[in-house]
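Common to both upcoming complexes is chain A, partnered first by chain B, then by chain C.
Up next is the complex of A and B:
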């Protein structure tokens, strides 16, 4: 219950239907005051629709949304305590930077000096002091993004909604802006709800992430938890790279499960009760796998394969290893330290991992 | 090395058909008109010696002013000045009415029609499938003494005697011209409204704007280029129109175009007609320039990008 009293947004069984299609399908969760919360998912998963319902541009077909304990049904977008940073930034082309940033303040009964000082402070916050008189068309992509941020933050919303705001920037600038955005969020302490399809971006920025697919929320967790302990195949495959062994539960003992797969029998930790014979997946991250030419020591999970390709990635090397009985080759990622022995393509190798690093996925 | 022709040459190359047509069909007659306005008509002959007499005739002062609508015109030959002022005033009213009618239509098309915009645009052009003259005559039938409006109201028992003020006056001219030009004005306004990124409107709402405020602060300024274009498109040609006043204007509905036509064709004084034409053109150009300067057109254009 502690989490509920501190929730700035509560989403209760919200669905949004467009004709017969449910863009958002029975979603319930809370967003904690002051956190950086991301909605992550492939395009068409309903994350933007959910964000637009928070902003008030769409109305839920079912369920309700509470912001600061106030039901939002019937509250129009212009009366909500939220502000939005649009994917296209939507910087008004007929106004200069200052007028853009001050736009939301004109709708409030503020004194001229108050408005002026808040605009200056907001421009300062996004490192655009001195740009006030620039026209909208004189700004670069990154600057437009900052203006959009300043324009929303100057209104001091309870929740800032960001709709893929970094999508239009190039990689380098995007990484810079990610850092800045995170810093900014800590400084202002406003709750950010951030929509993205970029899992790396979500992992970098967020306190918590909700992974969405086909209108449903699959898992809500902290970044590291999401990466280490995905609760289903879809999340496991969407966040980072994941190797999957399909198999059946062969034996259950002492918090460990032995599963039989086409590539061999492996052990994986699992505490929840599960019956023998259940169809499951064993998931293991590429960087948790080790390669060696020699037969491994007992106690490790091990499988024999043949290296079919390797890619040099600067700081690490990625190997693809074909395993007998498996359709997809295993991906193995190895840090390059300079000390490891080289492995040539087409050579036979052992792929090993300690049992506790694998994860059992039941769905 | 590949010798490349400079870009400007290629540009003029592409423009040359248009430039040639403009030169032959527009600039040459215009220059002829300017020349004509400095000559004098002597019976059936033209006296080709340079004179400013035609222009002087338009502004020659008189001690006894002629009054029109309460405005004194202290001129010996006040007709052109009065008709010019009257035409400008009528055109201004027509332009305002056209924009007031066209803007909502364009707004509807741009924001509330989904998927079938092309169909609506075609529907808008249907009036143009008939000749302009037919449309003017149609208004004559509508507004006439025994026309549709009068007989309709009479058969409904609202009137016993037909209204005589419907036809053959400036109002009839204005109604006809407004109807003729509305569809032309819808298109440029529609284009500039349709071009507005919907996220601007959402951003305005998100920042607290009511619908009205959003319209005044965002939609209207962003559609200004098209709206101004539409206004000029209507204002400039209607000042000099003479067909409509001839057909539905009657004596009181005369405009400057009628005077020019008369000077050229009936009064056999082409040089004076040319001088009136040139004066009208310069006046319109001056008004348009002043208008554009006042609203800061350069600024608008640069921001619309």
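Up next is the complex of A and C:
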């Protein structure tokens, strides 16, 4: 088996069964040392179960997990080189901030001074200097989050596991913490494995993202790659907004595929071999579509429709356009620069896009 | 709303009178300057209370009661802590059955329980009846109370606290000492107090299982044969009542404080 020297975690064909239900179903991938890796998916997709198997709170029913090339089977949570930030933070209510942060240092045979200075440094790292004597109940949500981070980082884990740590914070605080978390990860250089159901959060924070659904990993990719090149409908619809045209392959030529749909015939780039007649989807992001009143130039994909609604969003305007033959209206997002000509609701328009911006989805 | 709630209000007052009226007669006659517990009242006196301090039989019974109650409450709580942890932390097969079985002393009449224990102790174990036999029976009847209090405390706190301790490098035993025990402490104290009161007030089992030494309620019952001792016993009863009420209130305050400390601050 090929050893990746730069993989700090290797997950090999791991499944977890709860009774007859597979919470995690035959998952294999590696996490690179020092990266910010996110497990993204709707609730119940198995991301938290996978994280808990990394932490040692659950044992895989099948497959194996290696951390730093060491098999983790039979290694309990307290003997693993991982530390976790819990969704509820799990701050010990009977201890103050200092005692919480120093909790994991007790049996590390450190001197009193060494322990103290590490606790102080950890509090400094999360910007909580001077809060050491505060009781757990005197902390705000954001501060509790920081204590949980400091408490885990002070143990200098090889991997830090974070279970939806920002879920309980309000929007503004959450955005602040996202920035700080990213900064912190770069400063300490520890591998972060981050579980979230919030795709925007995952895109903002991660070096790489694994999208999970029903216990399986659908796609692992960098944020931009995931957004631009989703490999299936589920990923395409889960990450951002996506317009989908259902159709059949009509012709294949020179890296391009022509698709016949109910709304017309479109061209889309595609290199992998595919036969005519296959059922496929053409996917196109709302911001890649253009609107115009005039008949477009040849060479563009174009479809005629009627604007049925528009929403002003400050920096951009979102149009919904009804196309004959399609059940769902197309979403078009247009940046507001001030120069574009207004389009009124109920007017007939052309929706266009250059063929290379569409994506062909076979599953 | 106001007019429709009035019948319920009257009902509640009558209900309370029915519950506590008879009990309040004891304190009333205990300060009445007469050996007869009848109306009209004669005058106010604390004589009956003062006389208790010189009653050696009573003091001995009191000492016995304190020993039995202390020992049985400590033992009942000590055996209930691991059981409560097991039932709240792990999905045990048949945990419902275990819970039901443990609350048997609440529904089995004490007199049947007493007779059964008497037979076991005298026939099968061939032991003498001492304070220990009373104490043992009190451990049994205290366990349901201890379990109820401890389980409500243990269920109340976030299970990820124990996981966090494991995650930070502590094994099962140190996690228990550093996290579970401190957090369950208010429940443990409140369980001790409740078990203490349960034992201290218990009559039927103590009556069946006492040898030469006896506890306060049994002593009190024995003294009722003498009419002139009645006011003194009413004073004793009143003292026990106030003492028990105080402890139960204390236990409840502790339990509630414990439950509150589970959710410190807003998240």
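In this section, the second predicted complex is superposed on the first by the 360 of 363 C-alpha atoms of A that agree within 3 Å, B and C clash if a C-alpha of one lies under 4 Å from a C-alpha of the other, contacts with A are read in each partner's own complex, and residues count from 1 in each chain.
We adopt the following convention: a contact is a pair of C-beta atoms (placed from the backbone, for glycine too) under 8 Å apart; a residue touches a chain by one contact, two chains touch by 3 or more.
Treat the numbers as computed from the prediction; the structure is a model and nothing was measured.
After superposition onto chain A, the partners chain B and chain C occupy overlapping space and clash.
Within the superposed three-chain model, A:93 lies in touch with chain B and with chain C [touch as defined at top]. When the shared chain is aligned, chain C comes close enough to touch A:139, but chain B does not. Looking at the shared chain after the overlay, A:168 reaches chain C, while chain B stays out of its contact range. Residue contacts after overlaying the shared chain place A:104 against chain B and chain C alike.
Put simply, more of the residues of chain A are touched by C, taking chain B and chain C as the two choices.
Taking chain A as the common frame, chain B overlaps chain C at a single listed stretch, which among 9-17, 63-71 or 225-233 is 225-233.
On chain A, the surface patch touched by chain B in one complex and by chain C in the other comprises residues 55, 57, 76-79, 82-84, 86-88, 90, 92-94, 103-104, 107-108, 135-137, 151-152, 155. Put simply, chain A touches chain B in their complex at residues 55, 57, 76-79, 82-84, 86-88, 90, 92-94, 103-104, 107-108, 135-137, 151-152, 155.
Those residues of chain C that touch chain A in the shared complex are 157-158, 160-161, 163-171, 174, 178-179, 182-183, 261-262, 264-267. Chain contact summary for the complex, chain A toward chain C: residues 55-57, 76-79, 82-84, 86-90, 92-94, 103-104, 106-108, 135-141, 144, 151-152, 155, 168. Residue ranges of chain B in contact with chain A, taken from their complex: 197, 199-200, 202-210, 213, 217-218, 221-222, 300, 302-305.
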